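The following pair of complexes shares a single chain, chain A, combined with chain B in the former and chain C in the latter.
For the complex of A and B:
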């Protein structure tokens, strides 16, 4: 591009215009698989979920009938729905800050000059990320088992507990324990985010600050933190949207129990749509619509924030 | 601060890191060790990581009686075809969205961005219903299409960004040589997107191998098509006290993805880090 003779008009920064004729046939042929599959498996389901949310439908009969806002009215008066909302937000307040801060701390350690064997430690912390959530859930029910699980055996050997604790079966501890397992599983992802962000800070800044006599804490406060804020917001949003999707771990760890104490919104939807003796597809779709709206809100906040950043 | 103090702090930090790392792999060590123990030894001696007698019985139990041989094959089958589907459709769509201007392009991109984060929990009910209408429920092809057809916006945008970054002169030179649309795509452009393909293959592998909700609700009626995580839940339901069997089943399910991760770590890390760098 740069060496094109000056007599030929080259549109700047816009390669598309250089194409004199647009091969429309090829273009749509290449888009076809995505357009068809995405329509069937993403667009149609989104629209249909919203449509079903206004219907009374068991899923057995051929089609349901429209009942207007009845499902919404019932949902907002359903104690178990509010219980699921409460559990989801309680879960977020345990899990998100835990993963966010722990991964930040570990990233600082893993980018420090003096730390040995960085790659090995990073790999160890990242391994749970690649593993299957539903398998982990099953294995963890054994690890946290009150009878023979290693966690109880170790804690009682250290005399930290007198009687064994049913971590995942006790209403007081089940949600917190699930959050800890989730933090364990996903800290590696945020760790990689933080390391990438930390490495984007130019070395010269630290060198200059050192010459000016700044200490470790001073450099951290004046350089690291302010430069990481934009990354931190993205990492927080990604962590938040991850923490909303805990279906596989929760179903295998607790199944929503004991007594709905760990039933998050996804499990509420699943129970009404697929495992009730009388499925209520319309009602479950109402909850699924609300669940989707939470993600729409997250997407909007993110988009607005990006635009504000771009406008500066 | 004295030199000795500083060394002490560093030592503490390293000890903390070592402790965290150990806790992070301990469940896997416990699982592998439990899988080689007999159930008897597991319940008498739960904490020792090295089994007294190495026993392979639990693997035979899981593989044959627990049907994990079949589940393993299903997982491999579903994962491989999902990867092929995602790579092909995202590379093609990303290519034309990157290089051409046409009516409807803005609308397509807007829809993709708007639905970027929509969770499976929201779309699962109609997905099952339409799959049933198309005769795809209770089939492996149905699982593959649902996994590879929905979402995957990140892969598509990654391909788009890569193709935008390839100098136009390369394509123009090929056009002057008389190469057609398909030749340019397959011979010139697609090979240049190799690194993105590697990232897409790995992230899709992770997503498909680990997916639970789709294969779960797609195989309620056909247990023979269960994938590993779905099979694991069924195995636990039927053999709740067979801990060494469950540990062996878990090892069978997790070893492949951990090996792939350790071998191709660079691509995993780059793929994940890309989410923040954008």
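For the complex of A and C:
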């Protein structure tokens, strides 16, 4: 006897509202505090910054004068703005992969069976994370001091350099050195993420692979890497987001110098908004808006590329 | 569902703006001082806090109103004041930390200040003579007053451990030779110089002071009104600063040092010589008492090419130090506290803090101070003069300064660029800067004229100016080029 196919009834939109089992209202209720706070402390400042970007405003008056696109025209011709953009992308190029890969490597070592005193090492790596960035900036200027700093002394003793090098004071090395210090400070955070990710991989998979004759490299390639990809994407995005918050460290390390070589976009904005002899809050807002749009554009390109790749 | 979502979103955004606006008002209301409650006082004069405390305690005894003091780092105070102004929560009294030509006039026009509750004629003579319309007087009302007399940043301080009395350099050549000798003989344990190359504002001012000492008008040629950023004198100053760097006589860390850090390194013996203002000895006293008590510090005139010629270092007439804010409800009490900064006791106290010289320089002789402080104040008295001020002659010039965009790199930035290896040809950069500043001033003047502001290039030309003489108030009349 043939069975009649089951009829699936698709509920109409209106029925969602009246369906007592749908918790939509409750979802919004619980989300409301977050959404309100997000709106006040993130959305509102963004909208206000965009508004200020159309104004000529020194910050000495209560409000600015609307000047249309004048600030934008000036900004696009400002060599120091493009220098700040270039510095920021260069810094991200050094810092993000550096922290990502170093923390992954350390996580592999600290989750391996052969590693002793794991907790001690994890704590030591995490200590810089909880230290204030401004203090680290001050201490690091002494550590990298070309005269008496330990870095130069060690490199000199190892005969790796003949004369002392001022890593933070040389235009060629200052940005890379600042990136290394940032990586050292924040690796502990990514380390925790990676350790949690590694610990989420079922042991049975490794046991099965061992029984099948897989070696260390084989297990790493066939089990560890594929299962870590989703976590890796999230850790990468978080690392990128963290890397943008380098203001306090860079300000105390180099102040944007020498000669604007480490002036990232945050310092450019800060200089124009507060420390210039005639502050320009409107112009600083323009720089913030443009840089924000650059990042939105990059994100959109990534999203479109990902969607196209997923569609094939 | 879509309609509901849109309505909810609109309501949410409306709530957001209402909350945000309310948060602003709440913050302002919370911070606005109640009348008669207290006098809020913000300044950046850490060395003077103790001296001021005694004055505030005296003021509190007389008025019953305490003074609540907050000390700021100068860079942080500019930020704090700008934010406070926007939320109408400026302190009752604040020290003027903003730089820029005619900044006082700009701040006054934007509504930052309240006039003091006192007439000019009620003030001591020495204070009355130091008040200028557009700086401390506006429409004849007293808004502030100077507490310091003019001074500059270019005295050469040295550690007597490394520089004996007969070695004290007076010229660029002598200083360079001494710097090389100290660096070589100590095997780079002590360098000849510490230079705060990263302290851009100060270095720009020091470069100009040293140009004056060479016989130049400074950054502006007052006879022609043209900029001097590509003049022989600035080239000679640059040859000195780049020369000592190329000699290897400068502490390498100087590239990234600001003034406080440079002074610390110098006091620790990392460098023998430091160019700094009169306050250097005051900071040495408070922060490096061993150095101070041993009498290990000496000071001499700014370095020049030829020390046999007399020189003058020029500054604008002194501006106000403390201003009463426009949102103060305690103007009378604030005025009462400020009036105490005008007596002999205060000037002697200022001298004893060994910061900038007091307005009444005769107080230095009555104060218990280090001999180097007496020497440097005497140096200022002999070798300083007032320079012409375009703003004092025509207050509208402040609008041109406000309109002018900053040009980078400035001379000090060019110098830092050279020592950090980013610039090879500093002379070309200075010439470029000179041309860019000229063009920018012309643009700003044209824009201001278009808005009906009465300014012209003539405002920077003073036909009766002469190097070596002080440009006094009576010279302003008849000084325009016909």
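Everything below uses one rule, namely that the second predicted complex is superposed on the first by the 246 of 312 C-alpha atoms of A that agree within 3 Å, B and C clash if a C-alpha of one lies under 4 Å from a C-alpha of the other, contacts with A are read in each partner's own complex, and residues count from 1 in each chain.
The criterion applied here is as follows: a contact is a pair of C-beta atoms (placed from the backbone, for glycine too) under 8 Å apart; a residue touches a chain by one contact, two chains touch by 3 or more.
Computed from a predicted structure; not experimentally measured.
Participant: Between chain B and chain C, whom does A:276 touch in the aligned arrangement: first, second, both, or neither?
Facilitator: Second partner only, chain C.
Participant: In the superposed model, does chain B or chain C contact more residues of chain A?
Facilitator: Looking at chain B versus chain C, the one contacting more residues of chain A is B.
Participant: Based on the superposed arrangement, let me know which partner A:80 touches: chain B (first), chain C (second), both, or neither?
Facilitator: Touch partner of A:80: chain C, not chain B.
Participant: In the superposed arrangement, does A:134 touch chain B (first), chain C (second), both or neither?
Facilitator: first
Participant: So, does A:259 touch the first partner chain B, the second partner chain C, both, or neither?
Facilitator: second
Participant: For A:116, decide between first (touching chain B), second (touching chain C), both and neither.
Facilitator: First partner only.
Participant: With both complexes superposed on chain A, which partner does A:235 reach: first (chain B), second (chain C), both or neither?
Facilitator: Touch status of A:235: first partner only.
Participant: State whether A:193 touches chain B only (first), chain C only (second), both chains, or neither.
Facilitator: first
Participant: Using the superposition on chain A described above, determine whether A:43 touches chain B (first), chain C (second), both, or neither.
Facilitator: So A:43 meets both chain B and chain C here.
Participant: Which chain A residues lie in the overlap of the chain B contact set and the chain C contact set?
Facilitator: Dual-contact residues (chain A): 16-17, 35, 40, 43-44, 59, 141, 274, 281.
Participant: Along chain C, where are the residues that touch chain A in the complex?
Facilitator: Per the stated touch rule, the residues are 1, 8, 12-13, 15-17, 19-20, 23, 75, 78-79, 82, 85-86, 98-100, 103, 106-107, 110-112, 188, 197-198, 201, 251-253, 255-256, 258, 261, 270, 401-402, 404-406, 408-409, 413, 416-417, 419-423.
Participant: Can you check the complex and tell me which residues of chain A touch chain C?
Facilitator: Residue list for chain A touching chain C: 13, 16-17, 28, 35-36, 39-40, 43-44, 58-62, 74, 80, 141, 145-147, 164, 166, 168-172, 174, 254-255, 257-261, 274-279, 281.
Participant: Could you list, by residue number, the parts of chain B that touch chain A in their complex?
Facilitator: 10, 13-14, 16-18, 20-25, 27-28, 30-31, 34, 42-43, 46-47, 88-90, 92-93, 95-97, 99-102, 108, 111-127, 129-130, 145-146, 148-151, 156, 164, 167-169, 172, 181-182, 185, 206, 209-210, 212-213, 217, 220, 228-230, 232-233, 236, 243, 246-247, 250, 253-254, 257-258, 260-262, 265, 268-269, 272-273, 275-277
Participant: Considering the complex alone, what residue numbers of chain A touch chain B?
Facilitator: Residues 1, 15-19, 22-24, 26-27, 30-31, 33-35, 37-38, 40-46, 48-49, 52, 59, 106, 109-110, 112, 114-116, 120-121, 123-136, 138-143, 148-150, 153-154, 157, 184, 187-189, 192-193, 195-197, 200, 231, 234-235, 238, 241, 244-245, 247-248, 251-252, 265-266, 269-270, 273-274, 281, 284-285, 288-289, 291-292, 295-296, 298-299, 303.
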